[in-house]
Amino acid sequence: MLHQDQFRDLRTLTAPDSNKTVLSGIRKLAPEIAARAAEIEATNCIPPDLIDRLKSAGIFRLFVPRSFGGLELALPEGLEVIRALARLDGSVGWIAMVAGGGSLFATWEARETYERIYRNGPDVPVCGSAQPTGMAKPTEGGFRVSGRWPFASGCKHAEWMAGFCLITDDNGKPAAGPHGQPVVRGFALPAQNWEIEDTWHAAGLKGTGSHHIVLRDVLVPEANFFDVESGVPCVPGPLYPAVKQLVPMFHSAVAVGIAEGAVDELVALAHTGRQQFRATTPMRDSEIFQLELGRISADLRATQAFCEAQTASLWHHALAGTLNNEDLAVESTQAATWIAAACVRIVDACFTLAGSSAVYETSPLQRRLRDMHVAAQHAAVQQRQYVAGGKLLLARSAQDAGQA
Amino acid sequence: MLHQDQFRDLRTLTAPDSNKTVLSGIRKLAPEIAARAAEIEATNCIPPDLIDRLKSAGIFRLFVPRSFGGLELALPEGLEVIRALARLDGSVGWIAMVAGGGSLFATWEARETYERIYRNGPDVPVCGSAQPTGMAKPTEGGFRVSGRWPFASGCKHAEWMAGFCLITDDNGKPAAGPHGQPVVRGFALPAQNWEIEDTWHAAGLKGTGSHHIVLRDVLVPEANFFDVESGVPCVPGPLYPAVKQLVPMFHSAVAVGIAEGAVDELVALAHTGRQQFRATTPMRDSEIFQLELGRISADLRATQAFCEAQTASLWHHALAGTLNNEDLAVESTQAATWIAAACVRIVDACFTLAGSSAVYETSPLQRRLRDMHVAAQHAAVQQRQYVAGGKLLLARSAQDAGQA
Amino acid sequence: MLQDKLRDHRVPTARESNGALLGGIRKLAPEIAARAAEMEAARNVPTDLVDRLKSIGLYRIFVPRSHGGLELSLPAGLEVVRSLSRLDGSLGWLAMVAGGGGIFATLTRPETHQRIYQNGPDVPLCGSAQPAGTAKPTANGFRVNGRWPFASGCKQAEWMMGFCVITDENGKPATDAQGQPRVRGVALPAQNWEIEDTWHAAGLKGTGSHHIVLRDALVSETEFFDLAGAACVTGPLYPAVRQLLPMFHGALAVGIAEGAMDDLATVANSGRQQFRAATPMRDSETFQFELGRIAADMKAAQAYYEAATASLWHHALAGTLNDERVVVESTQATIWITATCVRIVDACFELGGSSVVYETSPLPRRLRDIRVAAQHAAAQQRQYATVGKEFLTRSAQDAGRA
Amino acid sequence: MLQDKLRDHRVPTARESNGALLGGIRKLAPEIAARAAEMEAARNVPTDLVDRLKSIGLYRIFVPRSHGGLELSLPAGLEVVRSLSRLDGSLGWLAMVAGGGGIFATLTRPETHQRIYQNGPDVPLCGSAQPAGTAKPTANGFRVNGRWPFASGCKQAEWMMGFCVITDENGKPATDAQGQPRVRGVALPAQNWEIEDTWHAAGLKGTGSHHIVLRDALVSETEFFDLAGAACVTGPLYPAVRQLLPMFHGALAVGIAEGAMDDLATVANSGRQQFRAATPMRDSETFQFELGRIAADMKAAQAYYEAATASLWHHALAGTLNDERVVVESTQATIWITATCVRIVDACFELGGSSVVYETSPLPRRLRDIRVAAQHAAAQQRQYATVGKEFLTRSAQDAGRA
C-alpha cells in the first residue's frame, strides 16, 4: 500500500483512485471467484456469467480511451487491477491481462475498423495470438488469410480476434521486405469469422481457454490490417504509441498477483493451526517456518518494488512521450523476466512449506504452483531474454566511457 | 536515475538536489579514491588527508540538523551520497555510513552535550559500537565506566565516541529494570578519553579501521548518558525520533553501492576485450557472458528498486511523524537482510564471471568480494533476522482476518 | 570414509538378481508411456498393468527368499523403483509401496506373515504411516476405528496396514513408561477395509492414494505389530524399516528427474525452435549451457543417491543398521536428493518453453509428480535441523578425540 | 551404470598405499594450522615445511614405481590432495601441483624423464598450462621466449614446464595439418628460468604462483614434449592427462569445504552466542537447520567427487581413459563440485557471524582460497555448454538405439 502511495503523484493524468470502482467491484466478486476455482479449471474457461460480471466491473475497458467510453487508466492503476484479479485466481488475472493488452493492440487498427470494434461501447473483449503463423495472399479488396494460431487466451468470450500473418505474393510465396526480411502484418476480425480448435489442455492457467484459433481462406479487407513496426495508433493517449514496451509488465502484474495469492494461502493455512505429521509444533510457531516465511515475504516485497518501479518508469516515459524506445523494451523485458523467475521461486517455496495437505486438488496452493509455472513459460519472460539485457548494459557502459 | 526522479516529490522538506554539491564533490574525489584503494587497505584506515577532503565535501554533516549548520538531507538524498561513495570504495562508503549514523545517534544526547559536540561546526566525526559490552557504576556526578567495544569503525578519525553499558549497582552488579531486565544506557565522550586497541585485521572492509575501543574506569558525567528505549531526541526534525528504523537502510546503501561498483568493474573488464584462456570469443561477445550479465543486471535493478522503495517508505513515515513504530523496524531489517544477500550474490557472480585475472590483488573485483562478504556479516543484516519478518506477516494477516 | 563403505557391499546378492525385472520393465516401457493419460484420468493403475507388473516380479522384490521372494539387495531393489519412476512417477511410487510393503510385512507376527504369503510372494500391500486410528481393548482383542490418508495402491492391495493409538477401555489413550502414547500397527486382509475415494491430487495422480477406513473392526492381538519390534524373518533388509524407507523416496526422485531429462532431450532433439529464438534449441549456446548445468546436478544427485544407498546396504550387511544416526543420514540424503531433483525437473520444464505447457507433453506430469512426491514427510526440508544437530554432536566428539 | 563402475576399481593398488602419507599429514596438522598466517605473509610455503612434506612422500604420489615413486591409485592419491586442502588451501594446491607434476613429467622423452628423477622420486615440478611462449627453430634446437603466469610452487621447483607456440624461422606461428597453431611443451631444470615475483593474490596466497620467464633460451628437441603424445612409462595413470587433471581441482575444492565446515563447527561448539541472538548458535533451531542443509550439500559434493574419481580410475584401469567424452565428464564433475563447495564455504562464513570477519579466524582464508581456486579455467561454469552438447548427442544416440 505504501509503495502505491509513493507512485500516486505520477498519475496526474487520471483522477486519483480512478481504479477504485473497478477494485471495489472485484472485491465484491472475490468470494465467488474463490468458490468457483474448480469449475473454472474443469471447464477450461471462465464461465460466461462470470465474464459478464467481470465486464460489468470494467475489466474490458481499463485501457480503452476515454473518448470511446473507456477508463483509460494510468498504467500503474490499470495493472493494479490485473494484479488484484491474479491474486484471486491466476486464470482470471490472465484473462484481465489479455483484456487490457487486447485493447492496446486494437489501437493499431485503422480508425474505421477501430470505430467498428467499439461501436456498441467500450466493453469489448479482444483476443489474439502474437505468433506469425498465418499467411495472407493479396486479392481484390484485401487478402485471403489462412492460418492456425496458438495460445488465443479468452477466445471463447472474445468479440474480436487478432492474428499475425506473413504477406505472400500472388502465388502464396512469402514476400520479402526492403532488407529481404519477411513482411509481417497483423489484422483483426469479428469473432464469428474464426474457428476455435479445442486444444487448451494445459498444466496450469487452465481457465484461460487459450485454444488455437483458425482461419481457412477467409477474405480480410485491407482496412482490417495493421502494421506492427511502422504503424501509428489511431487514437491519442500516452499509452498507445508503443505496446511492446508495456506488455512485459502486464505479465509481471499477473505473476506478482499469483505470488501474492500463494503467500495469502500459505498464511491462511498456518492460521488454521495446522501441525504437520512428525512436527513438534504447529507451523505458525516453528522458528524454521517463520524464517522461511520471512525470506519469502522479503522476496515478495523486492518483487513488488521492482514491478512498481519499472511500471512507474514506463508510465513516466508514457507521459513524457518517450515510450517508443528500443532500450526501454529491453529493460521492461529484463524486469519481467526477473519478476517471473522470482514469482516462480516464491510460489514454489509456499507450496513446499505447506506440506502434504497441499497435494490435494482442493488446495489452492497446488493450483498456484501450476499456474505460475505455466505463466513463466511465456516467450515474453523466458530466461534466455537476459542476453539482450546483458548486451544493453555493455552498450550503455561503452557509451558512458566514450562520453567520460 | 529514473527511480530517483519518481521519489523526488517526497523530499519536500529539502530543496531538490540538496545533495548535489556533496555528490559533485565526491565525483571530483573519485579518481583519487580509486587510485588509493591499495593504500587504504594496507593502512587499515582512510588516510587523514582523504578524511579531510571527505569532510570538506560534507560527508560528516549529511544528517546534522540545519539548526546546527548541517545539511539535514532527506533520507533518500543522504543515502544516495553513501551509496555513491560505496560504489567507489566499500570502506569509504562504510565510513560515510558511520558518519551519517553517528550524527543520528548523537541526537539522543542531552541538549548540553549535543551542543558541546557541535560547538565548532557540523563536521564532527562520531563513531561507536552498538554492543553493550561496558559496565557503568554510579558515582558522584555520573558513572565510572569500564569496557571494551568491538567494531568501532572510523575510531582513528572520530572526535567523539559512543558506547553502550550495563548500569550496575554500587557493588558493580548489573542492576535490574522494572521487568527484571538489565538496564542498558548509551553515552558519548570526546575521543581523547578513549584508548584504541589495534584489532582490525579483517578479511574485508579493511579501510574502515573498525578497531576495539576501550575505557578503563573513566568518570562519565550523567549529562553524557542517554536512554535508548525511552529517550527523545534533543533536536527537532523528521529523522531523529527513531534511529533503529533507519539504520538498516544505511547498510543497504553501502551494499547496493558495493554491488554497483562490482558491476562497473566487470563491465570495464569486458570492455578491455579480454578473452579468457580456452574461450573461443572475447567475453563481451560470448552469449553466455551476456546472459549472465543480463541476469546480474536484473538482480541489481531489483535490489535498487527494493532499496529505494523501503527508503521512500521510511522517509514518508518520517515526514508523517510515524517513524517510531516496531513493525517498521522489522520491515526495514527484513529489506536490508534481503538486500545484503542479493548484493552478496551479485558481487559473487561478477567475481566468478571475471575469470582468473580477478584473483590478483590489483583487481578491484576481489576487493569488492571481500568487502561485500564482510559487510553482510553485520548483525543488522544476518539471515536469521528473517524470523521476525515471518512473525510480522503472520501477525498482520491474523489481524486482517480478524477485521474481515 | 565413504570409500571404505563402498568397498564391498554388493557381494552377497547375485549381480543379475534384478536383471529379469529390469528387462521386463524395459519391455513394458512403450505401453506405460502410451497409457500415462489413462492412469491419470483413472487415478489408478489399470488392473491389467498391475497383473503384468506382478508377473514380472514387482511385488516380490523385498519379500524374503524363505517365502518365495527375490529378497534383492537394497541397491538392486531400489534400481527397480528408480527404473519405473523414470517411466512414470505414479508407477514408481507404487513400486516403492510394493517394495516397502514386503519389508513392513516382516514386522507382523510369524503366523500373520505366513497368512499374507500363503499363496505365494506376489502380494500387493498398502498402508499409511500416520497414527490415525484408535484401538480399544475388548475381550477378544481390540476394537479398531480409524481413517488413514495416503494409502497408495489400496484398490489393488490384498492386505492393508494402519497405525493406531492404543486406548484404555474408556477410549483414553494409553501411555508407555515414558509417558508417550502407545502406537501399534495393524495388518488385515483388504476385504476388512473400506476405501474412501479421496485421491484428487495435483500429482502422482495414478497412485490411487485414497483414504482407508476401519469402523469398529474386531482385531486380534496377532494382527498387531510394532514398528520398533523385531522382524519375524532374518535377512539384512529387515531389522530397521525407518533407516531404509527414506532412500525409497530418493530412488523415486532420481527416477522422475531422469525421466524429465529424457523428455527435455526429446524436445530438443526434435529440432524445435522457440518463438523469437534465433536457432533451434539444441544449437543455442545458452540452452546447452543450462542443460550442462542441469546434467551436472543430475549426476550429483545420482552419485549421492548411490553412495547413500550403498552405505545403508553396508550397514545392513554389517548388522549396524539399527542406529538413530543412520536414520539421520538417510533422511539427510533423501531431503537433499529430493530438493535437487525438484530443481532439475523445474529447470527441464522451464527450458522446454511454451510447447511443454500442454498436457500431451510428459513434462507437466513430471513437474506435478515430483512436486507432490516432495511433499511427503520423509522429504521435507525442516528435518535439516536434526541433521545439523547431529553434525555438531559428531564434530564435538571428533574434536574431543583429536 | 555408475554402480558397475564402482565395483572393483580399487583392487590394483594396495589398500593402505597412502596410509603412511595420510598419517604423516595428520602429524603435521597442528603445525600447518599454526603457520597459516606465516605462509600467507610469505606468499609461499616455508622451506622447512616443503622438506617435511617431501620426506613424507608428497612429491612422489604419482611418480612411476619404476622410478621409485608411489604411483598411487587416482583415488588414493587425490585423497592426499584433499587431506592437505582440508588443513590449508595453499598446501592443498601445492599437493595438487606435486601430483600433477609427476604425471606431466611422463609426457617428456625417456631421457629427460630419466634426468628429472636421476636423484630419486621426490622432485618438485611446476609449470603453466597456457601457451604463453614461442619457440623458433635454430640449428641446435629452438630459441624459446615466454612469460608464463600461475606457476605455483616455482620457488621450490627443481624442474619447470611451459607451453610454446612453435614458429617458423621468421617468428611466424607454424600451423599443423588442420591449420591450428602448433603448441608444444618444454621442460627444463629450474635454474634456466627466471621468476618474476607477481603473486599478490586475493587467495591461495601461500602457493607462490608467480610468473616464470625464459629469455632467448636455447632448448634442444629432447626437452620438448607434446600434450597429446604418448607417456614414456606405462601405467594406468599416464596416458591421458587432460582427463585426470580436472578432478585434482575437485579434490582441492572438497578439502577446502570440509575444512570450512570444521571451522564452523569449532565456532559453534565453543558455545558462542551472537549479538542479539536469544541462544548460543549451537542451540538455535535455525542455525541447526542451515547447518543441516550445508552438511547435505557437503555429502553430495563428496559423493559426486568420489563417484567421478572412481569412474576415471575405472577407465584408467580398463585402458579407456583416452576419450574426449571422459574429458567432458571429468570437467562437468569438477565444475559442479567446485561451485557447490564455493556455496558451502560462503554459507559457513555467513553462519559464522561477525566474529569470523577477523583474519585470526580461518574462515576468511577458506573463503578467499576457494574463490580463487574456482577462478581456474578448469572450474569455470561456461564449460557447461560443452557438457550440454555432449548430453544431447548421447541422448540422440540412445534414442536411435531404442
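Things to note:
Chains here go by letter, A, B, C and D, matching the order in which they are written, and residues are numbered from 1 within each.
Quick note on the criterion: a residue touches a chain if its C-beta (ideal position, glycine included) is under 8 Å from a C-beta of that chain, and two chains touch if they have at least 3 such contacts.
Predicted model, so just to flag it, every value in this text is computed and none were measured.
When chain centres are defined as mean Cα coordinates, B lies farthest from chain C. The interface holding more C-beta pairs in contact, when A-C is weighed against B-C, is A-C. Separating the centre of chain A from that of chain B, both taken as means of CA atoms, is a distance of 40 Å. Between the Cα centres of chain B and chain C there is a gap of 51 Å.
Taken residue by residue, chain A touches two or more other chains at 286-289, 291, 383-384, 387, whereas all remaining positions touch fewer. Listed for chain C are residues 284-287, 289-290, 381-382, 385, each touching two or more other chains.
The part of chain C that touches chain D in the complex is made up of residues 2-3, 6-7, 10, 75, 79, 261-262, 265-266, 268-269, 282, 285, 287-293, 295-297, 299-304, 306-308, 310, 332-333, 335-337, 340, 381-389, 391-392, 395-396, 399.
Taken in their complex, chain A has these residues touching chain C: 130-131, 150-151, 199, 201-205, 276-279, 286, 288-289, 344, 348, 351-352, 354-356, 358-363, 366-367, 369-370, 373-374, 376-379, 382-384, 387.
Touching chain D in their complex are the following residues of chain A: 286-288, 291. Chain C meets chain B in the complex at residues 284-286, 289.
The touching residues of chain B, counted against chain A in their complex, run 2-3, 5-7, 9-10, 263-264, 267-268, 270-271, 284, 287, 289-295, 297-299, 301-306, 308-310, 312-313, 316, 334-335, 337-339, 342, 383-394, 397-398, 401.
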